[in-house]
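Below, each structure is written out as structure tokens.
Each of the next two complexes has chain A plus one other chain: chain B in the first, chain C in the second.
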Partner chain A sequence: MSILKCSDPIALNLWYAIAPLDEVLIGETAQTILLEQPIAYTRNHTGEIVAWVHDVASGGNPETDRLPIKERYGYFWTSLGTPDADIFPIPEYDEQDRRNIHAASFGVNVSAPRLVENFLDMGHFPYVHTDILGAEPHTEVKEYFVEVSKERDEILATNCKFWQPMAAAVASGGMDVDYVYRVPHPYSAVLYKSNPTDPERMDVIAIFIQPTSQETLRVHMLLSLLDESNDDISIRLFQQTIFGQDKPILENQYPKRLPLDPRAETPIRADKSAIAYRRWLSDKGITYGVIPAAA
Partner chain B sequence: MIKLYDYELSGNCYKLRLLMSFLGVEYESKLIDFYPGNQHKSEGFRQINPLGQLPVVDDDGLVLRDAQAILVYLASKYDASGKWYPRDNPALLGQISQWLAFADGITATASAARLHDALFYTQIDVDAARAGANTLFRILDEHLYFAEEAGQDWICPGDHPTIADIACFPYIMLSEEGGVSRMDYPAIRRWCDRFKRIPGFTVMSGVFPAGPAVSGSIVSAA
Partner chain C sequence: MTTDLQSNWYPIASSSDLPKRHVYQAQLLGREFAVWRADDGYVNVWENRCLHRGVRLSIGINNGTELRCQYHGWRYANRTAGCTYIPAHPADAPARTICNNTYPAQEAYGLVWAGELAVGELPAIDGFESATVLRPVPIMAPQKMVNQALLGYAWDDTCESAENSDGSVTITATDGSAVRVFVQPVDSNHSVARALYNRKVAGEERIALLKRHSWLMQELRDRTETQAARQETPAPYEPVIAKVSEDLVDIPAISVDGRKADLRVQVARKEMTADGIASLRLEAIKDQLPTFQPGAHIDVHLPNGLVRQYSVTNGPGETDHYTIGVKREPDSRGGSVAIHDTVGEGDVLAISAPRNNFPLRRDAVHTIFIAGGIGVTPLIAMARALNAQGLEFEFHYFVQSDDHVAFKRELSEFEGALNIHKGQSPKETGETLTEVLANPGYARHVYICGPGPMLEATRQIAADKGWADEAVHFEYFKNTTELDDSNSFEIDLARSAMTLTVPAGKSILDVLRENGINMSSSCEQGACGTCRCGVIEGDVIHQDVYLSDGEKAEGRSIMTCVSRAASNRLILDI
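Up next is the complex of A and B:
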């Protein structure tokens, strides 16, 4: 294997979602980039997914440069290093009556941590997702709890509440929505929000980020919903509309990497969950996609 | 009712949503899974448009493709005021057609760069697309600068915007998603701001309403 451009050992040893399983076809080789390293993948005759590092000069060898593969949540995952843990659990994915839908993989010109932080922030709903996920004058982010979970090494934000005009494709009007956020991976996050049709259960939306460089990424969006009335296309397009609104906001963030120094940005922008996320990244010693705090 | 084969993130579909919103014409959207489903390339959709492209409009059995062609049709048929496409003014019609063709050039460059960056159309030569977009933006910026000097607000002469403005707006407004900044085109930026204030203006995902007329925008907190 050639020398990798990414020198952050933590980032190198993580698992990353690369593509939805149904887009990996027998006899077709596709290419993408992970942490600045070009990789290629295909499905071989036995139906197994194979991925390998792919250098422009040598082309790469599917046998000797082979990368580890896992299939999870409708995507295949790989790593450029040696992961010391399994991919984080999303138990809801296996519930029989859920609709598991790949919404899209989008390219965004921003660092992965900036996208995670935007995903955690409810404050932008009324301004960016006007009349869908928020509306004036319901702009207040009420007090919520944030902790590093006791069971697992992940950030957990609970008791988040927000009034939403159109919480999901299946919503028929405004409602108070409860949210729970998990950050179980430096570049991935999972949110749970009240389902408009079943008060007892929650919809799940996950973002799995594949950093292509420190300031560019590919994000894979998974929906695991309780919705018996909309077809897959409407559900998918609803989520794409939401994400299309975030995209220009994300791409206008400056600097593109996330500053981890607690004094770097104003407390309004870096709210409670953002502060916890930045500290968690700092404690792990992550350097890829961030501006580390001065020692 | 008019049926629009539609995809939210498509700037070409947005052109038609804009015109119909300005005119207050009702329509029904038939949502197409453009990405990642590639539904516009399916056998079924090619029966509707053999080019495999959005948008397409079906108005009572008349099926039309190409955003610019559809703008001409809809404005001719549904704009009683005749202002968006003044059919009795040959000089103006010539100018409108010229800028409609220019708008298709914006699709081929600025929109191509956006498809490359956001939707992984990796076969696109993104440097060539960005350079092409900058060439067109430079030309339009200069044109709009002289129009302003002559007291004109819009791409074509007159006191009312035309379908030429509609055709050029979406992929200029979305250009940053393809890495094409509008920083160096101040006349274009002023024109975008005027465009957003046309009564009936509507947004698409990725385009935000005009900020308050005097001070800055509220979106900055996001």
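Up next is the complex of A and C:
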């Protein structure tokens, strides 16, 4: 394998979702980039997905430059290193009555951690997702809890509530929506959101980020919903509208990499989960996609 | 990185780039600016990132008095760039001074000038007092190379060029026409040539002039860019992102600024705004006044040594002065009389920075303001803020007679929401309030400020009508409670790990100060809320009028200037 541009051992040894399974077709080779490294993938005639390090000159060798593969949550995942952990669990994905939908893969000119923070953030709903996920004057971010689970090595924000005029495709009229957020992977996050049809259970939305460089990314968005009344297209359109509203904000953040120095930006109480996330990244020693705090 | 270049003034925009309510993105030496003109004409040149999450402010919204970030709706004031509102926490006043980075800026000769570290005034540009601004031309080349190329710029055979001491180039023809070109170093390999023509021309003549110079400049651009492309491209400038101040790192803690009066203001105007009420316009002697939030008050230190609190009545964006209203109190202890009789226009007063213990939520669907007499002042500032934002409210102002209506000009801004109730007896007032407060509801809030008895009555009516404690906000002018300071008790300071004894005759605040613990305070009579402190353990005898009944019952806060322990010991969160 040629020398990798990414030198962050933690980032190299993570699993990354690359493409939805049903878009990897027999006999068709596709190319993408992971951590600045071009890679190629296809589905061979036995139906197995194969991915390898792509070399611009030679095309690379699917046998000798072969990358590890896992199929999980409707995507295939790979790694440029040797992951010492499995992909994090999302138990709800396997529940029989849920609809698991690949909502979209988006390219964004920003670092992966900036996108994770945006995903954890509720305060922007009335301003960025006006009249959909929030509306003035209902702008308050109420107190919520954040913990870093040592055992699972993930961040958990619970008891989050936000007033939403139209919280999901099936919602009609405003309501206080409950959220739970998980960050089980430095560049992935999962949110649970109360569901208008079933008070006991929650919809799940996950983002799996494929950093293409320190300051650019592709994000794959998975939905695992209890919605029975909307078709896939309208559900996708709803999520894509939301995402399309975040994209210009994300691309206008400066610097593009997430600064981990506590004096780089000004947190408020509403940013508790983001503060925990930045500390967690700092403690891990992540350097890819961030500006590490000076020692 | 600091360079000599940073101390120069450069044109960064044409005046015409700043139409009403626009935000223009400029760049100098690699650093981006958000440039915007407020409705009062002031041109703001700010670092192009919101201090919260780094989003460019050039995509923000200029509402004429404030710039609002698109991401979380934080609002920054004209001139000071101080943050005035954080919508995610509508019940809090921004406890800390969050201020964006601003840069020296001047508007002159039809251009906007800035310099990261520029000092003093922009030097006069002689001979261009009445000039025409030519079209700016971007050139992908270093500033020095463009300057060099400009020495060969000519529109006829008689043109002669010369470099000025500031690095700009002047080209003069024998007929007296002249062009002076300033090169804005956008980045190390990116410049903008901004030129002035020494005569004011208009109409067809102006179009012809602009065309001609655009054409010539385009030729110069092509030549210079070709030359620049042959050289190695210099590394881009790397502007340093200034760190935010240490006190902004953590979520706000108790401030420790004591009872200070470190601002000096001049009474620019003093006039009678109503019978017995003087309005004073206070302007900074030097620098800018700190940002205020609606509901905030200042401590005014009077010539006779007394300290009094007065609410700021300003609307959003009025950051070059504070206007306060002072009622002559018949039983004055010397404060209001001093202001009415002694203080005059031109006098200098010492004041504190504004403090806000009466914050305004802007997440209500409907807000009711109830003002009695001089209690109108903080509510005027609040109503003006909601009005500017287009939020719904009604304003009830109880006065003795028409002659007692203060701040008529400010009130006229929201005439449609204004109800003035004149000469009502306490009983009639009660009836009016019962009507006004008939409908409590989700996200409806009431703000009350006025004399003690009226405030008590209003709170009672609100409670009877079913308004929740946390939806009723009030501010007393003073505390008329008979204070009892006869007991003695111990206080444990949880964070400072100290135990102190508070003897009879002294307040907790006195004892803290004697032991070197700096605690903010303002009125020192249990009315303003500045010296509030958290209680971890112990029972409190509340003697203040600041905390709501619910907060008093909860027992988690104490006003250290007047309240005391009911138990032998209090553990305080200091």
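As a convention for this text, the second predicted complex is superposed on the first by the 290 of 295 C-alpha atoms of A that agree within 3 Å, B and C clash if a C-alpha of one lies under 4 Å from a C-alpha of the other, contacts with A are read in each partner's own complex, and residues count from 1 in each chain.
Here is the rule we use: a contact is a pair of C-beta atoms (placed from the backbone, for glycine too) under 8 Å apart; a residue touches a chain by one contact, two chains touch by 3 or more.
Because the structure is a prediction, the values reported are computed rather than measured.
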item	value
First, second, both or neither for A:Y93, with chain B first and chain C second	neither
Which superposed partner A:P137 touches (first chain B, second chain C, both, neither)	second
First, second, both or neither for A:R218, with chain B first and chain C second	first
Touching partner for A:G244 - first (chain B), second (chain C), both, neither	first
Contacts of A:V128 with chain B and chain C, given as first, second, both or neither	both
Which superposed partner A:W280 touches (first chain B, second chain C, both, neither)	neither
Chain B versus chain C as contact partner of A:N109, first or second or both or neither	first
First (chain B), second (chain C), both or neither touched by A:P20	first
Doubly contacted chain A residues - partners chain C and chain B	123-124, 127-128, 248-249, 252, 268-269
Contacting residues of chain B [partner chain A, same complex]	7-9, 31, 33, 35-37, 39, 117-120, 122, 176-177, 179, 204-206, 208, 218-219, 221-222
Complex contact set, residues of chain A against chain B	20, 23, 31-32, 102, 104-109, 118, 121, 123-124, 127-128, 218, 233-234, 236-237, 240-245, 247-249, 251-252, 268-269
Partner chain A, residues of chain C touching it in the complex	32, 48-49, 51-56, 59, 70-73, 86-91, 98, 241, 243-246, 248-251, 362-365, 391, 443
Touching residues on chain A, where the partner in the complex is chain C	117, 122-124, 126-128, 136-141, 248-249, 252-255, 259, 261-270, 272
